[in-house]
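Got some structures for you, see below.
In what comes next, subunit A is part of two complexes: it sits with subunit B in the first one and with subunit C in the second one.
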Partner chain A sequence: MNSLTQSRVRKSRRFTVALLASPTVIYLAIFFFAPFAIVLMYAFGMIDILRQFQFAVTLDFYLDFFNSVAPYVFGRSLLMALATTAVCLILGYPMSYYIAVKSGRRKETLMLLVIIPFWVSFLLRTYALMTILDVNGIINVTLLGLGLISEPLSLMYNMQAVLLGMVYNYLPFMILPLYASMEKLDKSLLEAAGSLGAGPARSFLHVTLPLTRSGIGAGSILVFVPAVGEFIIPQLLGGTESFMIGNLIWTLFLKARNLWFGSAVSIILIALVVLLVAVYMKYITRGEEMAI
Partner chain B sequence: MKKAWDKILQGYSLALYFFLYTPILIMVVFSFNDSKLLAVWRGFSLRWYEMLIADPTVWRAFYNSIWVASLTTIVSMVLGTMTAFVMIRHSFRGKSILDSSLYFPVVIPEITEALSLLLFYVFTGIPLGALTVAIGHIAFSISYATIVIRARLVGFDRSVEEAAKSLGANELRTFFHVTLPLILPGVIAGGLLAFTVSYDDFIKTAFTAGPGFQTLPLRIYAMASRGGVSPLLNALATITLVVSLGLAVVRLRLSKT
Partner chain C sequence: MFEVELIDVSKRFGSVTAVDHVSLGVRKNEFYSFLGPSGCGKTTTLRIIAGFEEPDEGTLKIGQTIANDIPSYKRNVGMVFQHLALFPHMSVFDNIAFGLKMAKIGKDEIRKKVEESLDLVGLPGFGDRRIHQLSGGQQQRVGIARAMVKEPAVLLLDEPLGPLDLKIRQHMQLELKRIQKQVGTTFIYVTHDQGEALTMSDNIAVMNVGRVEQIGTPREIYDRPKTQFVANFIGETNFLNGLCEASGTFICKDLPQPVLVEAGEERTGEAVLSIRPERVGIAPDLKGLDNLYDGRVEDLVYQGSHVAVSVRVGDNLTMKIRANPSVPLKIREKTRIGWNRTDATVIRLEKDE
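For the complex of A and B:
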């Protein structure tokens, strides 16, 4: 092939790449990245109340952040998201292990059974928990009917209800990647550890746990990230004591219409999530490929 | 000893399945309850289903949801296939940037994406409504669709394409008559994921819909947060479950071929 046709091929290839990639690139640039640029401009006070752009940069909205309830709300959301992740991991790990390693040929059916509840929408699942925990809900009516309590218990509008709702909704996000990493687990390694004299606890700590690290990492991120910005669950199941970042951002944007402070809060949220995920991936999964 | 541990694990897993299914089964059972009260059984009835079907706001919201989800699915299937192709078949400058930009919309908390779009619409003066909702849904559905379609393209046998070309078919003809039929299950899987993500979305829709436009999740939220619990939602949940089970059967059939 002479150099002229070679360059022609190269040119037509470049044309194909541009043709195929540009719609997505342009779409994401306009409707994903440009909006974030506007958030940044609002958060630094570069857009005024008349939607006019100005070149002045202010950190006022970040100072407001520390003078408001926002740091407490952030602290609470982080704790709730961490608690949700921990509970999902502790609950989900043995179950994933059972399905992937012990259940034999039934494992695909058993995994399908984990996923089916998630075909009902998130909102309806949370509503299902409301019908159980409500003052007139199943638990109270049953206990009252049995004469075990004389007044209905207040099971809703507190932190425990929010935690229950989050674990209920996010558990499969933990189980799916854990299952994927355990399915790949080479069982002969466990047998080898056993025949070399390691007890079940020892072979779990030194063989199973390290080999499923990628699943733990992926599952934790899949639970933690949506949990920290959760809005619906604290809104429907929680009270004032369980107000989270999602509720704060919702209130600032859709109720108080304070776009500037709301933007600053969300920039801090994004920075925090990106930082935590990066640190987590570096130290827990040690840069291994995630098993999503 | 080992057997005992296995039994404990099995019992434990059974208990967790119980935890996952109880709330949903309660909804299904109480959707047939002839009582306004939440937890008191007063006999079998289809009244909630009748009320649901007679409710024009629910139908309107359902129609809106289907409209937005269909538009989202079509656009993200087309763009997702094109992007997945470029990523698999070509190496070019900026590929790794495109790759990580595709993961951004999946990883970032949804509420921040939702408010960024709202600000964008406010700033540019685009009036909120059906179209602004669909634009927002497409922005993250492209990522989901591309990721799924790309996963299916990895093991693609290119010799059939070579064969078509050596028999005289040009690029476009080869694509539509050879490649597309072969990768269609992957494209449909990507489209189904885009549809589900869009149909179920609440946060992004709530920020970008404006006052006049309501999708089904927004309608459900309005019904659930009015304080009193509405048995209509039990009926709605039961219908969704049945429809999703039907769709899942279709999906399983497709993934097997």
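For the complex of A and C:
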């Protein structure tokens, strides 16, 4: 093949790639990059009160951030997201291990049970949780009926209820990647560790855990990232003490109509999450490329 | 007495009996093979010794202790896996050092031992490599080094050479034998390759459908098969059906005159005569053998070191013979075949078969 036809082939290939990518690129441009650019402009004060574009950049809204309750709300959101991730990992890891390694023929059925909640909308599931936790909910009615309590417990509108709702909704996102990484795990590696004198605990520590690290990483990110910005669950199940970043942004945009401060808070949230995820990925994939 | 002993061990998976009342004993420093076709229970038997499967019945002794309830990580038994099972997230060094680390041995000692074992398997200086950077044969050597570095009393090998190609395989057979002699560990080796088992073993247990068919040295197994299965599975053979008399004659209706065989009470009754193709003499003027029959050459296949000949004797019997290429033979020509009584083995048919 001469160089001319080669370059022609290369050109037509490039064209095909561009054609295949274009729907995604156009979609992202309209629904992600454009709104994001607008948010950026608001956050740096490039749009004035009359909604006119102006050539000026200010960091005022970031200074406002530190003079408000926002840092406190941020801290709480991060803690809630961390707690959600931790609980999901603690519950999800043994569950995935059981399904992937020990369940045998019931594997498909069990995986289906993990996925089934997705068939019901997120919002409906959270409302369903409310009917359970409510003052007149199933738990209180049952306990009152049995005479175990004399007045209804306040199970809702607190941190615990929000945590419960988040774990309930995000658990499958932890289980699925964990399951995938455990499914790949060669069971004879555990036998090999056994024959080399490693008991169950040390086999787990030295073989299972390092080889499922990618699953732990993926699952944690899939839970942590949406949990930090969660808005519906604290809105429905939480009270004032569980006011989170999502609620703050929602309030700033839709209640206070402060698009500038709301944008600044959003940008800080995005920057923080990207930073945390980057550090975490670096940590979790350490040595990983060698394992593949 | 025995390093590893199985007494009446059985293992069932659902309705399938994988290991059916197996009894055998492996002596110290012995190269012992479990030989049989796939699904004969040889790997399950090995996994019972390793502690990966629990026997449903019977007793397993390792050393002098009953090991049925000892978990695998407390048995002093090493294992080389068919599909290697090397830890992909560790270097060659860390793979081999794993067992030593589990035994809480000092760092310097570990380094020394790992390097010694890398030398032993012919991979000096490979410690820093990643597993995926090694060839199949090299990975197999790492697997052997990893299992041996703790100096286990017994080393179990589950068809370790299966995935390798023929040349490396033959080389590794000799290597394994060398390592075993050098270190003096008891080896229990699972294989479906009869050539491999004959070459390497001190003793062989031939297995079929979960049962031990015969235990013996390679020579005994090949020359004196006790069952039709053993005779057929190991090497090629000719089977003649008939009746064996105590006086040492074997009457086969397909042959014009009775076959002279070794006399003995234990052989009397309905039986099968097994004659190896290379033990049968062939020449037009053959004489001086205990049994001589006239026949006609049906087929000739030149195979380099020998000629595979089919000779029709009588109406219903064709014998396979390995002839020396220098013997003048032509298709459809008359010839004569024969063998001495010691060249054939009488296998008495079991009553239930």
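We adopt the following convention: the second predicted complex is superposed on the first by the 260 of 292 C-alpha atoms of A that agree within 3 Å, B and C clash if a C-alpha of one lies under 4 Å from a C-alpha of the other, contacts with A are read in each partner's own complex, and residues count from 1 in each chain.
Here, a contact is a pair of C-beta atoms (placed from the backbone, for glycine too) under 8 Å apart; a residue touches a chain by one contact, two chains touch by 3 or more.
None of these values were measured; they are calculated from a predicted model.
Enquirer: Does subunit B (first) or subunit C (second) touch A:Y157, or do both, or does neither?
Expert: A:Y157 sits against neither subunit B nor subunit C.
Enquirer: Mind working out whether A:V120 is in touch with subunit B, subunit C, both or neither, as first, second, both or neither?
Expert: In the superposition, A:V120 touches subunit B alone.
Enquirer: Name the contact category of A:G199: first (subunit B only), second (subunit C only), both, or neither.
Expert: In the superposition, A:G199 contacts subunit C only.
Enquirer: Just to be sure I read the superposition right, which of the two partners does A:Y280 touch: subunit B = first, subunit C = second, or both, or neither?
Expert: Neither: A:Y280 stays clear of subunit B and subunit C.
Enquirer: Of the two partner chains, subunit B (first) and subunit C (second), which one does A:K102 touch, if any: first, second, both, or neither?
Expert: It touches subunit B, and subunit C stays clear.
Enquirer: Touching A:L211, do we find subunit B (first), subunit C (second), both, or neither?
Expert: In the superposition, A:L211 touches subunit C alone.
Enquirer: Between subunit B and subunit C, which makes contact with more of the residues in subunit A?
Expert: Of subunit B and subunit C, the partner in contact with more residues of subunit A is B.
Enquirer: Quick check on the superposed pair: does A:E191 touch subunit B, subunit C, both, or neither? Answer first, second, both or neither.
Expert: second
Enquirer: Go through subunit A and flag every residue that touches subunit B in one model and subunit C in the other.
Expert: Dual-contact residues (subunit A): none.
Enquirer: Inside the complex, what are the residues of subunit A that reach subunit B?
Expert: My answer: residues 13-14, 16-17, 20-21, 23-25, 27-28, 31-36, 38-39, 42, 47, 51, 91, 94-95, 97-99, 102, 110, 113-114, 116-117, 119-132, 134, 136-138, 140-142, 168, 171, 200, 221, 225-226, 228-229, 231-232, 235-236, 245-246, 249-250, 253-254, 259, 262-263, 266, 269-270, 273, 277.
Enquirer: Subunit A touches which residues of subunit B in the complex?
Expert: 5-6, 9-10, 12-13, 16-17, 19-24, 26-27, 30, 37-40, 79-80, 82-83, 85-86, 90, 92, 98, 101-102, 104-105, 107-113, 115-120, 122-123, 135-136, 138-140, 142, 146, 200, 202-203, 206-207, 216-217, 220-221, 224-225, 229, 233-234, 236-237, 240-241, 244-245, 247-248
Enquirer: Could you please specify the touching residues of subunit A with respect to subunit C in the complex?
Expert: Per the stated touch rule, the residues are 186, 188-189, 191-199, 202-203, 206-207, 210-211, 287, 290-292.
Enquirer: So in the complex, which bits of subunit C are touching subunit A?
Expert: Within the complex, subunit C contacts subunit A at residues 50-52, 71-75, 77-79, 81, 83, 85-89, 98-99, 102-103, 130, 132, 146-147, 150, 156.
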